[in-house]
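To keep things simple, chains are lettered A, B, C and D as they appear, and every chain counts its residues starting from 1.
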Amino acid sequence: MRVTVWGEFRHERDEPEVAKLYPDGMHATIAAGIAEHLGDAEIRTVTLDDPEHGLTEETLAATDVLTWWGHRAHEEVADEVVARVQRHVLSGMGLVVLHSGHLSKIFRALMGTTCRLRWRNGDDRELIWTVDPSHPVARGVPHPIEIEAEEMYGEFFDVPPPDELVFLSSFSGGEVFRSGCAYRRGFGRVFYFRPGDQDYPTYHHKDVRRVIANAVQWACGDDRERELPEIRRYEGPHG
Amino acid sequence: MRVTVWGEFRHERDEPEVAKLYPDGMHATIAAGIAEHLGDAEIRTVTLDDPEHGLTEETLAATDVLTWWGHRAHEEVADEVVARVQRHVLSGMGLVVLHSGHLSKIFRALMGTTCRLRWRNGDDRELIWTVDPSHPVARGVPHPIEIEAEEMYGEFFDVPPPDELVFLSSFSGGEVFRSGCAYRRGFGRVFYFRPGDQDYPTYHHKDVRRVIANAVQWACGDDRERELPEIRRYEGPHG
Amino acid sequence: MRVTVWGEFRHERDEPEVAKLYPDGMHATIAAGIAEHLGDAEIRTVTLDDPEHGLTEETLAATDVLTWWGHRAHEEVADEVVARVQRHVLSGMGLVVLHSGHLSKIFRALMGTTCRLRWRNGDDRELIWTVDPSHPVARGVPHPIEIEAEEMYGEFFDVPPPDELVFLSSFSGGEVFRSGCAYRRGFGRVFYFRPGDQDYPTYHHKDVRRVIANAVQWACGDDRERELPEIRRYEGPHG
Amino acid sequence: MRVTVWGEFRHERDEPEVAKLYPDGMHATIAAGIAEHLGDAEIRTVTLDDPEHGLTEETLAATDVLTWWGHRAHEEVADEVVARVQRHVLSGMGLVVLHSGHLSKIFRALMGTTCRLRWRNGDDRELIWTVDPSHPVARGVPHPIEIEAEEMYGEFFDVPPPDELVFLSSFSGGEVFRSGCAYRRGFGRVFYFRPGDQDYPTYHHKDVRRVIANAVQWACGDDRERELPEIRRYEGPHG
């Protein structure tokens, strides 16, 4: 399995508190968490400021699953690159969108909705409950996962009803959130997982790492050739 | 619309605290709440201790939507009556199951699962959040609905993934629950709504009453003749 | 209910055979079919060549449900108008997309997928079967609906798994198609209904007219104010 | 993986035509098809006339996935054994139900509906189309799968809307059917796959064998201990 971890990599360079939590960038920590569980995977990291944001046609063609963390620079991602990533997802590449990636251009393009939500940066305790216990993304995690302090995300989360709803979160303030959402789109698969604000050490949390690795594995397609669903005239069922 | 409100009517007769909250029985309060919103509906109440639990073939044939509250006497409901109610639901009658009705024979028969959950009777504050804002059952209620004190129900709730998930609850203890679940079964519709422990005045709560009335309206079928899906040999598409 | 019927209105002006079937344009026939069933609705028609394609902010603000038929001029629809329509759908306006509208910019934007399919223009007989018999869009139609001759659309249809799958079609050639698909997006609702190639008199077919009217009624929201899901910081559950 | 193939094994003993197609019983052919694709699986076969129908507590406890083919003797299956199988499914055992198994007691108990349908034994050609191309059960099969002659099953098929709809069938007569339906129930998973009437050599068909093996693999749970979802009082999130 070939995994590409995409990171915005801005907070970590400008904000000392974030740099302290993630000295090599959040993408490095996310990649390490995946490597921990998927020993055989070939993992690379790329960031916003790489040429073409590190998402060239060549890189995407060699990626089975892409993970995405972005926050304050969504608008700097070139539309052309977004269209390219979307084409790869619909052609069979997996995509795992993390936390504030909910407002990324690529997630909004794939969902078709605003992807907006309510939020609060107030050190809430987050509890993540499994509601689909036989789902592969939920394997091996406690019920609930507990995160001591995190940013709150609350409903209404404007996304399509998930094809598979795996996790629900509650927060100290009493809010709830559909925090693990699986989607099948084209020949590809998309998983959204909520935790991971830059102000908290969440990507060092062992259960969060396990879920992300599970999601990467779930999103990985079979060995089908990478190609878009086609539109074509057929004489009969066989061509 | 013809609505039949079914009540177990035991706690209210044996426990003075419950009787204080619901002097005429919980079923009477539930019926009044429905009447408040669906002025044109013809509403009757029946209880466990009526002959055939009040659910004769005749009564069911004249019922568009049945609501169900039971708790400690689930096992006293005759299997034959359960089978009759199930047949009517699959033939087009609506069913709204309330709170502890999750363990009723009829709900378990329709779901096919254990319908178990975690619980605590500890005066939790419950907040009910809408996650499907264009759903008819969510019309006219605040976001969130707040119930000052209630019994807690938490996940994992062992039901089939809802066909339409409308509400999520959070509780003071940090638990979450899929508290508004819509199902289409046979020619009928089933809605499960969580709140309503006998120890709390929940069925006097104006938003809870609104949701129950909405659910009754949603579950009401069209004017199709009441009959089971059939199994039949067909020569061709038209018969 | 205020309904706006959008028509591309090109085939009918350029192709005599189509003009014979739809002398006043396909939109006029579609509008008449809706009026037949929804007597109280206020129905207007607009077309591609109207200023702003007839879809000004003012018109959309006064529209509860928009229906969309387009085919060969999808690319002529201005991106700005597409964004406006999408904003209205996510804010609560209903949208009913017909036949070749599957490749319209607005449908693709809302679905996030290619919306491609297989097809054949070969006078197939189409049979439309109901798989969700209690769904309001299926009320009052035979099982199956029979259309003597139509263009074939076959799977794989690259759309998100429908939130509610109402109809399946079969064609003489043996192909199948998910031909009635309901989606909830933002505060709005979207229904896709397959039949209606310009070379056939399909929009004069009484059952097809009934389904479109049903879909319009289903897609119509409540009286909630028209506004996008918001993103906002909250101190607590109540603001 | 430990697979138990359950067969009714009556037609094959009483009807020479069926015996010719399946000299060792349909269960033997089904088991061989699974073995062909899942070389590492430990596969056993049991039949209706074995003590306890071959489904003792011990056997089920040692079964990861059970496949079920029954037809004319559904009523001979003891209710006690059905309850035992249902308990194992909800506790995590996979179940793959084949063809006429749709009317088995175990499938009806898990679905909660009548599971009825329309049918015709008229040598229809069946085409099986994939509508969820990234689903593991659809791996490696052509689009469509073609079966030269089979019994027809048509909609309305009275089952809950599938959690994941993988295949649709069309038949010569123009009927359609949701022929590959995935369900998550309790801690277990259920897959229904349509083809396989006893009068046809369908379980020798290479694509049908591949789908059944895929379904077995998909239905196989993780290494979680086998136990029912519980109902339990909790002081707080952690116990």
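The rule is short, and it goes like this: contacts are C-beta pairs under 8 Å (C-beta built on N, C-alpha and C of every residue); 3 or more make two chains touch, one makes a residue touch a chain.
Source: prediction; values computed, not measured.
> Using the touch definition from the top, list the chains contacting both chain A and chain B.
Joint contacts, listed by label: C, D.
> Have a look at B-C, A-C or A-B and name the one that copies the C-D interface, over half of its contact pairs being the same.
Repeated interface of C-D: A-B.
> Quick one: chain B and chain D, Cα centre-to-centre, how many Å?
The computed centroid separation for chain B versus chain D comes out at 32 Å.
> Using mean CA coordinates as chain centres, what's the gap between chain A and chain D in Å?
34
> Show the residues in chain A shared as contacts by 2 or more other chains, in ascending order.
If we look for residues of chain A contacting two or more partner chains, we find 127, 132-133, 144, 154, 156, 161, 163-164, 174-175, 184, 229, 237.
> Show which residues of chain D lie in contact with chain A when the two form their complex.
Touching chain A: residues 92, 127, 132-136, 139-140, 144, 146, 163-164, 184, 187-189, 221-222, 224, 229, 237-238 of chain D.
> Okay, in this complex, where on chain B does chain A touch?
125, 127, 129-133, 143-144, 154-157, 161, 164-165, 168-172, 174-176, 178
> Could you pull out which chain C residues touch chain A in their complex?
Against chain A, chain C makes touches at 86, 90, 103, 109-114, 116-121, 154, 156, 158, 160-161, 163, 173-175, 183-186, 228-237.
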